[in-house]
Amino acid sequence: MKLVSAIIKPFKLDEVREALSAIGVQGITVTEVKGFGRQKGHTELYRGAEYVVDFLPKVKLEIAIPEDLLEVVLEAIENAARTGKIGDGKIFVMDLEQVVRIRTGETGADAL
Amino acid sequence: MKLVSAIIKPFKLDEVREALSAIGVQGITVTEVKGFGRQKGHTELYRGAEYVVDFLPKVKLEIAIPEDLLEVVLEAIENAARTGKIGDGKIFVMDLEQVVRIRTGETGADAL
Amino acid sequence: MKLVSAIIKPFKLDEVREALSAIGVQGITVTEVKGFGRQKGHTELYRGAEYVVDFLPKVKLEIAIPEDLLEVVLEAIENAARTGKIGDGKIFVMDLEQVVRIRTGETGADAL
Amino acid sequence: MKTINRSAWLGAGLAAMPALALADGAPTLVDASTISAGDTAWMLTATALVLFMTIPGLALFYGGMVRRKNVLSTLMQSFAICALITVLWTVVGYSLAFTPGNPFIGGFDRVLLDGLVYLKDDAKLTTHPLAGTIPESVFMMFQMTFAIITPALITGAFAERMKFSAMLVFMTVWSLAVYVPVAHWVWAPGGWMADHGVLDFAGGTVVHINAGVAGLVAALVLGKRVGYGREAMAPHNLVLTLIGASMLWVGWFGFNAGSAVAADGRAGMAMMITQIATGAAALAWMFAEWIAKGKPSVLGIASGAVAGLVAITPAAGFVDAKGALAIGLISGVVCYWGATGLKHMLGYDDSLDAFGVHGVGGIVGALLTGVFAVKAIGGVEASLSAQALGVAITMAYCAVVTFVILKLVDAVIGLRVDEEKEREGLDLVLHGERVE
Amino acid sequence: MKTINRSAWLGAGLAAMPALALADGAPTLVDASTISAGDTAWMLTATALVLFMTIPGLALFYGGMVRRKNVLSTLMQSFAICALITVLWTVVGYSLAFTPGNPFIGGFDRVLLDGLVYLKDDAKLTTHPLAGTIPESVFMMFQMTFAIITPALITGAFAERMKFSAMLVFMTVWSLAVYVPVAHWVWAPGGWMADHGVLDFAGGTVVHINAGVAGLVAALVLGKRVGYGREAMAPHNLVLTLIGASMLWVGWFGFNAGSAVAADGRAGMAMMITQIATGAAALAWMFAEWIAKGKPSVLGIASGAVAGLVAITPAAGFVDAKGALAIGLISGVVCYWGATGLKHMLGYDDSLDAFGVHGVGGIVGALLTGVFAVKAIGGVEASLSAQALGVAITMAYCAVVTFVILKLVDAVIGLRVDEEKEREGLDLVLHGERVE
Amino acid sequence: MKTINRSAWLGAGLAAMPALALADGAPTLVDASTISAGDTAWMLTATALVLFMTIPGLALFYGGMVRRKNVLSTLMQSFAICALITVLWTVVGYSLAFTPGNPFIGGFDRVLLDGLVYLKDDAKLTTHPLAGTIPESVFMMFQMTFAIITPALITGAFAERMKFSAMLVFMTVWSLAVYVPVAHWVWAPGGWMADHGVLDFAGGTVVHINAGVAGLVAALVLGKRVGYGREAMAPHNLVLTLIGASMLWVGWFGFNAGSAVAADGRAGMAMMITQIATGAAALAWMFAEWIAKGKPSVLGIASGAVAGLVAITPAAGFVDAKGALAIGLISGVVCYWGATGLKHMLGYDDSLDAFGVHGVGGIVGALLTGVFAVKAIGGVEASLSAQALGVAITMAYCAVVTFVILKLVDAVIGLRVDEEKEREGLDLVLHGERVE
């Protein structure tokens, strides 16, 4: 199994979620994160004090999937999250050794 | 070493933490996340506009452990987090290559 | 490639980010987390009810890097994040199988 | 005006009502020239201030103390009570409380406010015998704001677990079965407690003891919140609570100085006395907590201020600056104990301390009024035993009737949401809304 | 005072202005002794209350309903309008609205408030013929607060997408081209609508229909928010909205009871009527939604209260308690439909329901004033057809002129931020700030 | 009334005090009939408004500007000062400031408010010679609210780093050693600055320059916040700040129009002048920032409004509409510079710009009063040199005494929390609480 972790622009969340749903992904865990990267941040100004805020709001999706779904999942995320502008984000893939569904105790691909 | 990542219901956090503590786990990192899964969300209504909110608040626990603790940790989490109702969450296990304790520079299992 | 995940004290974020930047790391994803560990929390008191709050605010940095940068990255984080006091945090290293840059579709080290 | 002793309020009224003093206590039609613009200006303002105490004052004071998942439902209770009691008071509440009837309950002369008139072309309007220099409309409205805040105070005791529907039904019945009669006994010309020499300037008994005791009974009948004592139930946003406490403080000038029903020396004294007691009580609670627990808390000083406001309410027209200082200091310390020691000792879950602050503070204030009242200021003699009697009767009546109403509502529609809903939070479950 | 019918306001004025009743409607210099301290006390307070309705009341009411990324920019609109109109009204607005000119617009006598004086050594000052017992400065200020809230209400319709610069320009022109003339027609002695027997006690037409219609036109001209109907646009913090609604409620006592321009029986009635209608409307919306959608919402009850406040505004000095109950219940239900059914039916994006609540509520109130007005209370005869005429003319004039102004501003500097900025949120993009 | 020039306040008083003008400036016992209900109604309201400025107004204005970890401790400072000064003023402050003594300090006649009476049966009460138509209790309370807000303003300068205990001790001493004497010199009949022709209508010097200078000294003595200039210290929630600014704006009507101590033409003018200057200053700061930095900010317009309120305070009873516009525009721009350019130039960490806004605004206002005062309005001649003298003496006295007090408190209990605690945040460390 694989754990796919995707950092995307927040307003793309709904589209990505729908795309994943369409290809049969049943579970996603989402975290609000701040991203530092090539895309530059903005400046805030409070009574003459300038704060350069480097980070940008992003959301991180974590999706545990069976190995064979990997390609379609990556494709689905790429297509749904892409705007073509800097800051679209990254997808990271890691190996997932074990999964347990807490409710039932099922493990492995059954637990996804 | 292993990195165990558990998505659980928020009100179960204290119980799980105590269960882990009881078996000697000394450190946990917790993140507030939103979960999409089989458990369905709710509907919010604002002046006639209905918003179907699919996600549910969950918490994610990340626990780095020496390999030999894996079984008891999984068991402890399962037992403490289980309500038997849909949405109880998942446990993911990944391989952890290296750990460093920043304060001391210790590495490996000593750093846990 | 490696995924480095560092849990540090929040006020060290800027220093760590600058240290990483100085050694050529171009992207970081940051999450606000709560840490349970050896460092003890505090007590809150509301009309006589005491709440022992065990967790402490921490930030988690996730940094995807090419393998050869690992040593300098670890060192940079350690140096910048260390105060020498309990609770300085941990660094976890995992193997990263694949990376995709959503904007361009680039993969592997090019996508970092 | 707000003196249980009948001769007292008649006396109090003399300065304010040159034109009328009716034997039977019924409102009458008078010439527009009877009205004092100055007194009316102040009472319009005082009415706005007391309404402001409930919405948004009390709503915020309470809303900040609950967990985030329940903040909207907590605010909603105060707001809905405001709307509900407005209609109820208009339809029948005011009539039953403030028109002549028998010693136990008023009459039906003002149902739907019939007969309360302002006639432009005739330059005539009605006034109430308790407030002869202002229009009856203003007197009715001022009293309405008291009828609104009392049930809203109760909600603190059962926060985070009661059904909204059950709350509405309970408050409808409670307002008519408890608030209205007690207000009649105590304040209406001819109320049966009016001859027992109990002093209650601005509602310590009718409002605060009543609300506090009802809250205690409700906390006992509903039971503790799920997870109480085991899970963290820390206030989610004390900024809201401190805003609310501040609004209560400022608005209370309307409550207490407005109870002079005139813009005169008595109103001035009441405002001054209120301020002094409140400042003293805030400091007293703060230092008590600082000494006992090592830290002075925001929730503590805010609670102390409210405790002082409650305790000085019955006394505001009767004591001097030194009395106010004393009442403030004592009530701050005693209510600190009420909301901490007493509650933990007895083990009930009065979530936001409706009893611990309003009940205990109301009792302390009512009794201390008997101790510190100065004849030259209030124009009446005070008696500790009369005060104790007033407290005891109100507590007993309120406790019994509240208990019966709650049990009935529970039997018919149920008082509490079920456990899973309570966990999820009332905002989503009852109102389909959420604070981000 | 706020009666379109000229003889009506003159009549209304009689009690309040013993000393003067000028044929030409111009302010005059009078002796300081002409002033009633009581009336002045109330009007100073009423002015503060109406200002409080806009900042922070309306700012919060609206600010809580937008998405977090736009909350500051939403608050900023009300606050900046407050500053802008203050200066505009001082420079020329008051003069054009309230000094004699022709039936369509006032004159330039009070440009920069020239001639509005208080002369200490001479113990003289000016008063306005519509308010002979208070200083002209207070009358001018009271009217200013109405001139401020009206454009601020409009901002609800185009929230989350308009450029701040365009908003400032639009409001400057709109205030002079729409608000000022309509106020002159309706309220100034000699305004051309003043002889048509339309009743508008406190500004249902001038303020609420005007703002509601301008909002509707703006929503149509600007178009929908990016993602409207597809993305979640849930209110980010209804705590703010409920605080705002509460402040509007309390502040509205200044709006309506202040429109009696005196601390008298009429002011008392207006306050009472306002309270009753508001309570009834809040309950009506709440129960309508409960029945229709299964849950009573916080946003619903707050909106219902505002709907009631709007609808009772034109009627507050003319109806009795029963009329107020009826107007409240009807407006609560109709505005619920206005902000839900009507809006979805027609498909425009009136973001915070400036039209659905203020426009619809204003129309309902104006018409029902014709139905429920009681001659003995207001001293004037009401006519449904006259009310309908007032509504229709105001709507038509406002819609046309608003449309023209918006198109001009769009052509010159553009009305909307571009899509990417709208996504990022106006707080950061327009003001460089952020709520954590 | 608030005129340093003695003949000026006596003159100002004439209209307001027909019945008494005492040579020695002591309060006297008078008949209840001396009291004007209208004036009293307004002063009760004005007192409530000024209290409202501090809690919750100023508390929120400041609380929104700090980092989240310090919001409760910031609110707590204003609230605790409110309680503390209430007691202090009651015990001895009012007596030392407002009863006859020598030219430098008042006497002990009103310790614990002894002799300040309201005697119901005798229909007698005391009045103060500065306010002969209202009860002394109301005058004392109105003055108390000024004594409360002044130290609360100072807290902005040392936000996010001072010990709560040290703050309490410092404020206790400062209030008695700085506020009370300066108030006596400037306002009390017989104060030594009273014959120098300095005009200060509502407290520009006593309140704002005093607080601003004390803040500057405190910022210098305490030193910068840990991380200042390196770490982000952006305001965590400008919604709170904008609510606070709005409450300050509305409440300031009590401050300035209340300083007429009557509901008359002068109060009306003061309210109008206040509004105009505030609107102008808000726009001026906004446009200055827009031009200089490219964006108009919420914090900017709110700060501009406060700057205008501060600057118009000494002038509110003396200038006309054009003068108010000018003072507003000038103070908006100058305070923008004070809170940005000046602060960065000199490098101190006046966290929330107590000096940059209140100090600078107070100085600008005091001087411009000398330029724009109109004899016919205020009844007195103004002189720029006299104004400058008043400013200089106040600044010098305040700076020296504040410095000494701070050094003493530092030596005895220490002024600052240690670095680690400052990092963790004062809410948790000092008060054991947290905003979720």
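For clarity, chains are labelled A, B, C, D, E and F in written order, and residue numbers in each chain start from 1.
Just so we're on the same page, a residue touches a chain if its C-beta (ideal position, glycine included) is under 8 Å from a C-beta of that chain, and two chains touch if they have at least 3 such contacts.
By chain, with names taken from UniProt: A, B, C = Transcriptional regulator; D, E, F = Ammonium transporter.
What you are looking at is a predicted structure, and each value in this text was computed from that prediction instead of being measured.
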*What's the overlap between the neighbours of subunit A and those of subunit C?*
B, F
*Quickly list, by label, the chains bordering both subunit B and subunit F.*
A, C, D, E
*Repeat of the B-D interface, chosen from C-D, A-E or A-F (over half of contact pairs identical by residue number)*: A-E
*More C-beta contacts across E-F or across C-D?*
E-F
_I'd like to verify one number: the distance from the centre of subunit C to the centre of subunit F, where each centre is the average of its C-alpha atoms, in whole angstrom._
47
_Mean-CA-position distance for subunit E and subunit B (Å)_ = 53
*Starting from the mean Cα coordinates of subunit D and subunit F, work out the distance between those two points in Å.*
33
_Multi-chain contacts only, two chains or more: what residues does subunit B have there?_
31, 44-46, 53, 94-95
*Shared interface positions of subunit E, touching two or more other chains*: 36-39, 41-42, 45, 234-235, 263, 293, 295, 297, 299, 432-434
*What are all the chain pairs that meet the touch criterion?*
A-B, A-C, A-E, A-F, B-C, B-D, B-E, C-D, C-F, D-E, D-F, E-F
_Complex contact set, residues of subunit E against subunit B_ = 65, 232-235, 293, 295, 297, 299-300, 303, 339-341, 343-344, 353, 356
_Residue ranges of subunit C touching subunit D (in the complex, touch as defined)_ = 44-49, 51, 53
*Complex contacts: residues of subunit F adjacent to subunit E*: 11-12, 15, 36-39, 41-42, 45, 49, 68, 234-239, 242-243, 245-247, 249-250, 253-254, 257, 262-269, 271-272, 275-276, 278-280, 282-283, 286, 293-299, 301-302, 304-305, 320-322, 325, 376-379
_Residue numbers of subunit F touching subunit C in their complex, please._
227, 230-231, 423, 428, 432-434
*In the complex formed with subunit E, which residues of subunit D make contact?*
32, 35-42, 44-45, 47-48, 51-52, 55-56, 59-60, 63, 71-73, 75-76, 79-80, 82-87, 90, 112-113, 116-123, 125, 134-138, 140-141, 144, 164, 240, 263, 427, 430-436
